[in-house]
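Each of the next two complexes has subunit A plus one other chain: subunit B in the first, subunit C in the second.
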Partner chain A sequence: MHPIVKLVAQRIALGLLLLLAASVLIFVGTQILPGDVAQSILGQSATPEALANLRRDLGLNDPAYVRYFKWLSGVVQGDLGVALSNGQNIAEAMGKRLGNTMFLATWAAIFSVPLAVTLGLVSVRYRNRWPDKLISGLSLASISLPEFFTGYVLIYFVSVKLRWFPSVSIVNDGMSMLEKLNAIALPVAVLTMVVLAHMMRMTRAAILNVMQSAYIETAELKGLTLFNVIRKHAFPNSIAPIVNVVMLNLAYLVVGVVVVEVIFVYPGMGQYLVDHVSKRDVPVVQATGIVFAAVYIGLNIVADIVSIVANPRLRHPK
Partner chain B sequence: MNFQRIPISALIGLILTGVFVFMAIFAPWITPYGAAEIVGDVWEPASARFWIGTDNLGRDLLSRMIQGARITIFIAAAATMMSFTMGALLGFSAAVIGGWTDQTMSRGVDLLMSIPTLIFALVVLSVLPSTLLTLILVMAVLDSTRVYRLSRAVAVDINVMDYVEAARLRGERIQWIIFREILPNALTPLVAEFGLRFIFMVLFLSSLSFLGLGVQPPDADWGGIVKENKDGIIFGIPAALIPAAAISALAISVNLVADWILNRTSDLKGGRG
Partner chain C sequence: MSQELKYLLSRATVGKLDRRAFLGRAAALGVTGAVANSMLASSALAAGPKKGGLIKAGLQGGESTNSLDPALSASSVPANNLTSFGEVLIEVNPSGELDFRLAESVEASADAKTWHFKIRQGVEFHNGKTLTAEDVLKTMQRHSGEDTKSGALGIMRGIESMKADGDVFSVTLNSANADLPFLMSDYHLVIQPDGGWEAPAAGIGAGPYVLEVNEPGVRHGYTKFANYWDDGRGHADQIEIVVLNDSTARTAALQSGQVHIINRVEPKVAELLGRLPGVRIESISGRGHYVFVMHANTAPFDNADVRMALKLAIDREDMVDKILRGYGSVGNDMPINAAYPLFSDDIEQRVYDPDKAKFFLKKSGHEGPIVLKVADGAFPGAVDAGQLFQQSAANAGIELAVERVPNDGYWSEIWNVEPFAASYWSGRPVQDQMYSTAYKSDADWNDTRFFRPGFDKLLADAKGELDQTKRKAIYREMGLMVRDDGGAIIPMFNDFIDGVSEDIGGWVGDPGGGTMFDGALVKTWLL
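Then we have the complex of A and B:
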């Protein structure tokens, strides 16, 4: 077997194992904590009958590992159970929201990735001069800003004062693409700002690392033009780190979406999770938790696979 | 120490951090009104009576902000300290003991880090009672994974030094090696990291409270005050922007100080004035 195939297969297997372990962790986190789940859902004033009913509905009378395997076999078959609060099928309720979240995250990625890589390149090109200093100053500031600050500043100025975009991002099937994009303009802007700084700094570091290596100096000394140095030597070697940076930030994007969705009342996964956490709706929380974890771990695997495939030393073994 | 040599950015950071900490410590004495007291109309604009206006229930926003500074900084600091104690202790032990202990702990931390922090916090907080202690504990445990990684990495380097070897040979116990040999030498990088983790805690706490799962009303940290006043934004009332800006200001100023400390300590040409 080609060593690359083997490495990739190993990485995927490891990812699946990690996901399995994460599912245990999420389950343990919601079930076997000190205290009674039924009690904490219903509160101190619950009647004993109500408690007994809820315990039966949740299957709390079974031992924990039985409940876990029941839950896991459901999840693997796409059955995420029903919500406690309204009896809805979770998989159905979540499908649409997952699509909405992905839509938002994808558009944020479409804007932020090229922007971040370009700005990273600019700050390498003008290293230690004012564009670089400006960019790193701004990124330091934007790392310190909470999502809701950027979000509400944009709502206050762009949507309330200037009335350019709606402050609440409602999307539904009846809307055209353009209407949808208009609705999500502000959340996309916030998400872009959230990941931009981080992605840019990491791109800058990755490229600087490559540009300072000996083979780049050799290429310069043998008289190649700057363009050729970058095209033939620097670029192929920085694909892996840059893709890695991008993937890690996409994973971050999927998480950052939680707060942004709440700010803009966007009907996505984050909103769904937060709503049900405050209702203490354990099955929904578990289901959303495992989906978020799966997306996060999945993107991390993709990042690793790309850097394996992009590595010439692995692609052409001796 | 020579004050002339502090760069202007670090000075701004130090002053702002100082103001916030002052607000936090002396909160009960400097609030003009009680933080939970309804003293005016809903969302009054800034005036001589209410310096930055009133909030969604007619409470004085300045008083709530000052009280909020206390809650925010107290919880974030407590969680950071707990996370450092836990993370550093476990990280040092893993590095010194090695073998299976190290493997088990490190893989456990990998697992904990494979789920996004905010998501896992939400999952756990959905079943835990909403008290201050659980909040601090959840934040500390989740964050200690980062501290664990750093302190383990630092301790592994120190662990192979001759003086540690010497301590081992003269038969010192593990506690001695961790607290008397590793800890003093690992302190500098950990102190630099402390500021960054503190900022992360402030942002984390604010996000949780903003989502309604952190500090519970009637108390409110800055994230909670944003949540209380966010509905005013679409009517053009900027009350929610003030706590949000305060969080940003605190985070940026601590960041500036941490950056400066990091530069000073990593500067070999005698930064330690």
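Then we have the complex of A and C:
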């Protein structure tokens, strides 16, 4: 078998194993939440009969490992169960929210990834001169400010004072693409500011690392311009670490945007999760947990595979 | 008012002059913006409602777990949904009187045990069905069954039997209750076609708006119901509720003009928000109150002198200033205030008196610290209020140990369990219901452990008394009993504070609750 295929297969198998481990953790986590699940659903006015009925309906009388395998077999078949609080099908309700989160993350990525890589390249080109220092300074400043602060500052100036973009980023199916983009402009801006510095600095460092190599000196001696040296020789050889950090940040855009969603009232996964945690809606919490874990692991597998494929020594084995 | 100003005002009212131009010309005549604005608003109110447009409200109190089933409604957004698509039999209006909605009139038997509601004819549900007394009966049955989860079950418990006969819906009670029509105004009791047995969460009612978009925890959109029966409501063509749980997101949305109405403005930002152009603050004192509850059967609170000492050791004015920033009024250790019908305003206001408190503490013989449990989940600012109480009590020589406990589980672990803790009551439409819920000896939520057979007897007497003057006198006596002997220290009643765009006309605050007791979207109009 070709070594790349083997490596990729290995990674995917490892990822699946990791996902299984994550599912155990999530299940255990929701089980050790303080208080009886049935009691927290029914609340203060629970009668003993109602508690017993609900426990039976939820299957709480089975031992924990039986419940885990029941749940797991459902998940494997794509059945995430129904929400306890309003009886909605979780897969359906969550699908819409997941779509929204992906929409926001995609647009944040479309703006931030090329911007970060370009700024990183420019930084290397003007290394230790004022453009490099300016780019580093600004992007580090924007990552150092907490998201809620940047969010509120943008709302105050851009939304309340200038009225360019709305502060409430609710999107729905009835909106045209342009209206949707207008609605999510501010959260995209905040997310871009948050993830930019990490990716930009990593691009800069990775390329600078490669620039020390002998073949770069050769390229320079050939008479290539510095920008062409970076573009043709340094960048392809530093793709692996860059892709890694880009994937980490993309994962953050999906699973870590709860704060931004709350500030801009964006109907994504984060808000959905928070609402159901406060109602102790365990099946929903488990389902969102497993989806978040899958996204995180999946993006990391992609990063691994890209760095394997980008490595010529692995692509062309002797 | 000068002739010219009058002329301008009339032009602006009929829409020949836009608002900005009117304000500018009024300013030229030496009228300040605020005065000119309020002139315009009152003139528009006199001119009557305007039809059309889209009114948007950004409201706190909605989750993705919300259902449209009226029985399960428990927070602001579901309550506003109910008034948009549904109607109840009877409403209590802002002056505390009955407004007849789907019931046209009501009659009681002489003993106040049997009540007949005449159902309005020719009212259509959104699914095309015509309202009958049978729908009303089935709705009420759904809220009163053994296994119902309805929030109105407490109200329905006193009902012995119900029946529908022609266009009359009749209720027979276990014992007399002169307040039954008020109880029927409960917002859960929205009449649904066939009682909503088959599809309780379908969002179909006889209200002014038809549900178009239902995304729980995000937004709810409605359009005007063409065959709605009442011309006095549903002025806008469309209304929309946007769920904005974050306080800053709400104020920003109002400021930037994305919504016309927001609820739950924080007292600390209310004044600043009100000063901004294009926005006004509407606050109204309601029946909700912040309270410190003592168990009157547990030492040391079983001693009436200790209770009195603590009641005298709290600085009410100071708390209204610092905790509510003036958006509220002082309490008088009884759960009733002027927002209730049959309130007696001649009961003396209790004030902070450290010397008298010292005297009562000495008389009680109690020594040592008294533990008070607080959490901000009890009411906003409860921890600060506990500390203010601690300081004012220290001046009276009373040692209060204020203990902060977690919000999580407060209502199950602390409230109604610990002998001295902070709490909140949202109030009820009538005195009887408030006392029956929390002060009657056998009430589930008798959180002050107030066991007084004499009080229970007065409560039952008042219930069956149809003579309002006599009832008022009984309620006065009961209020005094709670005030002087009860276990509740009630320092303040909080106001409901809403933020409203100046484009909204027809706003009338309602002591029943914020956003015109959840009716702002169906009762206001765009100017």
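One rule holds for everything that comes next: the second predicted complex is superposed on the first by the 285 of 318 C-alpha atoms of A that agree within 3 Å, B and C clash if a C-alpha of one lies under 4 Å from a C-alpha of the other, contacts with A are read in each partner's own complex, and residues count from 1 in each chain.
As a working rule, a contact is a pair of C-beta atoms (placed from the backbone, for glycine too) under 8 Å apart; a residue touches a chain by one contact, two chains touch by 3 or more.
Only a predicted model underlies this, so the values are computations on that prediction, with no experimental measurement involved.
On the superposed subunit A, the positions of subunit B and subunit C overlap enough to count as a clash. Contacts of A:83 after superposition on the shared chain: subunit C is touched, whereas subunit B is not.
Contacts of A:107 after superposition on the shared chain: neither subunit B nor subunit C is touched. By the document's definition of touching, of the two partners only subunit C reaches A:272; subunit B does not. When both complexes are overlaid on chain A, the residue A:93 reaches subunit C alone and has no touch with subunit B.
Once chain A of one complex is fitted onto chain A of the other, the partner contacts of A:71 are absent, as it touches neither subunit B nor subunit C. Once the two complexes are overlaid on the shared chain, A:160 sits against subunit B and subunit C alike.
Once the two structures are superposed, subunit B and subunit C can be ranked by residues of subunit A touched, with B on top. Of the two partner chains placed by superposition, subunit B and subunit C are both touched by A:152. When the two structures are aligned on the shared chain, A:262 is found in touch with subunit B and with subunit C. Within subunit A, the residues touching subunit B in one complex and subunit C in the other are 35, 152, 155-156, 159-160, 167-168, 262-263, 276, 278, 281. Taken in their complex, subunit A has these residues touching subunit B: 18, 21-22, 25-26, 29-31, 33, 35, 37, 40-41, 140-141, 143-149, 152-153, 155-156, 159-161, 167-168, 251-252, 254-255, 258-259, 262-263, 273-274, 276-278, 280-282, 285-286, 288-289, 292-293, 296-297, 300.
Residues 35, 43-44, 83, 85-86, 93, 152, 155-156, 159-160, 163, 166-168, 170, 172, 262-265, 267, 271-272, 275-276, 278-279, 281 of subunit A are the ones that touch subunit C when the two sit in their complex. Across the complex, subunit A is touched by residues 58, 63-67, 201, 213, 215-219, 242-246, 248-249, 252-253, 255-259, 409, 411-412 of subunit C. Contacts from subunit B toward subunit A in the complex involve residues 110-112, 114-116, 118-120, 122-129, 199, 203, 206-207, 210-213, 223, 226, 230, 233-236, 238, 240-241, 244-245, 247-248, 251-252, 255, 259.
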